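Consider the two complexes below, in which chain A is the common component and chain B and chain C are the respective partners.
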Partner chain A sequence: MENHIISLKNITKRFKVGEGEFTALKDINLEFKKGEFAGLVGPSGSGKTTLLNIIGSLDSPTEGQALVMGNDISKLSHKESAQLRNHHIGFIFQVYNLLPVYTVYENVEFALLLQNYTKTERKKMVMEALEWVGLTDMADKKPDKISGGEGQRVAIARAMVKRPEILIADEPTANLDAENAHIILKMMKKLNKELNTTFLFSTHDEKVMKYLNRMVSLRDGSVEKDEIIAKEAYM
Partner chain B sequence: MKLAIQLAYKNLIGAGLRTWLNVIVLSFAFIIIIFFNALLQGWSNQAKEDGIAWDFGYGHILNRNYDPYDAFTIQDGHDIIPKNLENTTPILIQQGSIYPDGRLVSVLLKGIDTNQDILKIPSAKFKNTTAAIPAIIGKRMAESANLKVGDEVILRWRDKNGVFDASYISIIDVFDTTVPSIDAGQIWLPLEKLQKMTNLQTQATLFVVNKNYQQNTLDNWKFVKQKTLLKDIEDVIATESIGSAVMYLVFLLIALLAIFDTQVLSIFRRQKEIGTYVALGMTRPKVVSLFTIEGTMHSIFAIIVGCMYGVPIFIYLNQSGITMPDFAGSMGIGLDKAIFPVYNPSIILLTILFIILASAIVSYLPARKIARMNPVLALKGKLQ
Partner chain C sequence: MIKFLLKGILRDRSRSLLPIIITALGVGLTVLLSGYLKGAFGDIVDQNARFDTGHVKVMTQAYAENKDQIPNDLALLDASEWLDTLHTEIPEMQWIERIKFGGLIDVPDKNGNTRAQGPTTGMALDLFSGKSGENKRMNIEASLVTGTIPKHSGEAIIGHDFAEKLNLKLGDEITFFGSTMNGSMTFKTFNISGTIRFGTSAMDKGALIVDITDAQLMLDMNDATGEILGYLKSGVYDQTEVNTIATIFNSKHKLSTDEFSPEMLTLREQNNLASLLDYADVMSALFIFVFVLAMSIVLWNTGLLGGLRRYQEFGIRLALGEAKVQIYWSMVLEAVLIGVIGSILGTIIGPGITYYMQVVGIDISSYLENSSMIMPSVLRAKVMPNLFYIGFIPGVLAMVFGTMLAGIGIYKRETANLFKELEV
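Our next item is the complex of A and B:
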């Protein structure tokens, strides 16, 4: 139990739709260990993003208990959940969500600005993160001056710069061509091994599935299948 | 806070033209508020200085029976000039009528000592004239009665017993003053001449005192301080200030409305950015303060931009003055040919604080919405 960085017990999530309700997640029970490279797969509307949002403390379950690094997501205040995200969780979004007025360097630095690092420490960490993704020479460029693949690599650097325990990636390759998708996935796989960060994806991209060590298939808000693909990595 | 200021600064600069349009509009409001306050202050100072120089001196000693606001008290509001009354100049006031161009015009006759130097009224001109009854009048009076230097006009008056008399008076000088209270409807005569004409020898209605006057109790006379005499001017300026305040509040509201609009639009357009801030670990109150500071920073930029083009204009106007139109002098208020704006540091500071506070409020109001935002919907840009 103590090895599980994420523990989801009987998670149900309902949304109000007009006068009625829509059940996005039904009685989900899952556990993830530190260092996993796992994916939530399934068609649109299967509940992948909703589950990732709950794990990322951006949302809370209607029923059940979501424990992330020992924190019960439903019981966290706004401030506590912000601190959890700031210190322990990194996000990668489908459309990168880079801040347009900041340079690549400033985008990556942003996550560190919310913590108490000195300018020298921040510079060292940002340059290291940019080195991971091979973008040190683009540090001064604005997001509108870089390609989609480069933008997603900046997003990875931004998510990884604070060395979070958990990295949540919502359809990270959906806007990328095959070549860039493979570059990104290899990069994430490498970081997963080197930093022992738990990677959680939502995807319906087969390119992503090939890289996963564990694949959780969701359908209509329920876990349809939970497969361990590469046991040595899972262990 | 430091982080929010840094981020707000970057966001505002990054927003480009949108930011500068708001800043320029707000800077106009800032400059207009400062300018109109300075103009009113300049007018106020000038009106007071002229009032002191031409009419009030350092106070008036009025006969107890005389009320400057009641014309019926003129007839009996005078008395023998007290002995040993130093640092004052007596003025005798009586009523009369003149008949310029065959019209009857009621006037106040004011006798003033030819040797006085407390007021700027050119009474010394009486010394160098051979006219039987020399008179000097102000420009307004000259215009309304169609009189000029060298003209003679019939004056009718009554002496202390109520007996009518009449004679020609000669206009020996027309003086130009911004103070209507010593000009319009008034004819200035040598004091001794008026005393003699009215059989009120050695009598006066009031005294104007200079700055060396030591106040002492006088029977049948009351001292009115300079400050009290200036109150009318202050009241007029206060009324004008309210009128101006309404005008520049309208300007300010337009500018603040632009900031409010920008904030509302910005929060709607930047939902994903807001969601990203929250996902990266910013608390929602911090995002609210970021947007509030962003909006408020418009006012800081506006003050800087306003100073950049406003200060040179202000310095120029302060040196050259603002020329008043010709009709300004006939409006019944003390306006000189040019007004020199006076920039009061406390007014400038208050204006700056007011603009910053007002822009902070209009920035905060729409930003409050962020605190209630669902970050998941914000990230998807699905909020309405």
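Our next item is the complex of A and C:
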């Protein structure tokens, strides 16, 4: 068996809608290896976010088995799911969602406060993460004093500071201009290579797709296409 | 994490300012009301003890039953013997005799004809022996408006307002008309040595103060006294201690077959003070309960609003791997910090205003003009050590309780919706 960090077997997800049901995912079978830079693409309503929710242990499948880092998502309690996210999964959102009352440094540090790092360890890790995204000189600034692109870089630093095995990014470039989008994507690609973190995107942005090594196309809750793209094309 | 939360509280005024103000005001108000209740009721008890009830009082059972009528015909005989007994059996208390009497004061003109008259309520104290401590206890010297304390037989102090009403000056002669303990008519002339104002309407209204030896002679009460008052030597009223003393004394000396046998009553058992003291305790507890409830409701609402405003923050924290229970307890921890800050402020403000009310007080003399209750004309608050914690704990509790109610909402949050919620 290969080194699969994520293994999805016959995943089906149904939601109650009024008195009926809506099937968001239908019999999904996918596996992701450590260090992949993959994207879930497809139109709105195709099931991208639902699938990311399951992989990110924010939701569980109605049927099938989702194994993330060897943990069966369906069998995890709320606390165990939180633990899994805390230690192994990072999130980047469309809106960077920084805590406005805290500085850039403190926003990045927050992810570490949930774990038992000493102050010295935290400082070293935070400064390293800010160095990855080129924002060490912005450490003391508040989120309202930095640009959108810088904000998203802080969000990347926050997601990466605990060195998660998996990073889930939902439309990370949706609110960025082309230049900033490329900066962000190059940065993530670099981190993917250096830290061997598995990146999973949900996107319908052409710019993001060009950076992916693997693209899983979803349509109406099913995998339409799963293709390996020419590696390192845009590095 | 505490440092991190504290930074958030201090930097985000909308998160902390309103709850801190509400808590500070609530705590301050509780402290003020508590201080005012304790001060006012404490003054009432203290004045009653000093002027009328003592910490305990010994009377004949018959006198006790009709004491509002000042029935000196039912007075305690062999007073010196009883004083010796009390000193021997209960040495932890100081014992003093007092006689109350009522009658008429007549002010003669230079020809000996009546110039003015007025009813008087007299009190005879041990002023001359120098051992009774009555001067200090009744605060007589400090309450004198003019003149001095009687130093010789035949001298008297009269209420200052009463003296003005009768147009009396120091050194003037007055004649007291009343009845002896045997029911005969008696009259005695006194020289006015001073005028007094105790600040207690019931005492100031028609007051006449003389030495007890003069009164015993005037009222034909040789070795008799209306009342023997006992004061704990510590000077502080202790209900448990005086209860024990009274129970032992009554079981030994109070005879059901002899209405002239002595009976010892505690302060609580006189002048309806028991209900007054219970009322003070109930009111104090009620104020604190109402404060905690009202503050909790207000802070619950503030917490709900804060929860809505921090919806995004909590979403991020859930996504980052903080469990709902961790977020909930961090909110509670924040509430403790805010509650402590608010309570500290309230504990500074409250005693400050209480001190002001202690100095200034509220003048209720106009309501007491026709009252026979012994209570101060100015009700004052009192700053006491317990004021520094009495509002503090409820202040923190109210904030924590309000937040705990508001924080329950975090458990209703679906992590599956986080991506959608955080896109906004």
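Worth a mention:
Here is the rule we use: the second predicted complex is superposed on the first by the 227 of 235 C-alpha atoms of A that agree within 3 Å, B and C clash if a C-alpha of one lies under 4 Å from a C-alpha of the other, contacts with A are read in each partner's own complex, and residues count from 1 in each chain.
Methods note: contacts are C-beta pairs under 8 Å (C-beta built on N, C-alpha and C of every residue); 3 or more make two chains touch, one makes a residue touch a chain.
Owing to the predicted nature of the structure, the values given are computational and were not obtained by experimental measurement.
When the two complexes are overlaid on chain A, chain B and chain C occupy overlapping space and clash. Within the superposed three-chain model, A:Ala178 lies out of touch with both chain B and chain C [touch as defined at top].
By the touch criterion defined above, A:Leu99 lies against chain B and chain C together after alignment on the C-alpha atoms of chain A. Between chain B and chain C, more residues of chain A are touched by C.
Once chain A of one complex is fitted onto chain A of the other, the partner contacts of A:Arg85 extend to both chain B and chain C. The contact surfaces that chain B and chain C form on chain A in the two complexes overlap at residues 53, 56, 58-59, 78-79, 82-83, 85-87, 91, 93, 95, 97, 99, 101-102, 106, 110-111, 113-114, 158. Those residues of chain C that touch chain A in the complex are listed here as 1, 4, 7-8, 11-12, 15, 312-313, 315-326, 415-416, 418-420, 422-424.
Considering their complex, residues 49, 52-53, 56, 58-59, 78-79, 81-87, 89, 91, 93-95, 97, 99, 101-102, 106, 109-111, 113-114, 158, 170-171 of chain A touch chain C. Interface of chain B with chain A (complex): residues 3, 6-7, 10-11, 13-15, 272-273, 275-276, 278-284, 374-376, 379. Contact residues on chain A toward chain B in their complex (touch as defined above): 53, 56, 58-59, 78-79, 82-83, 85-87, 91, 93, 95, 97, 99-102, 106, 110-111, 113-114, 158.
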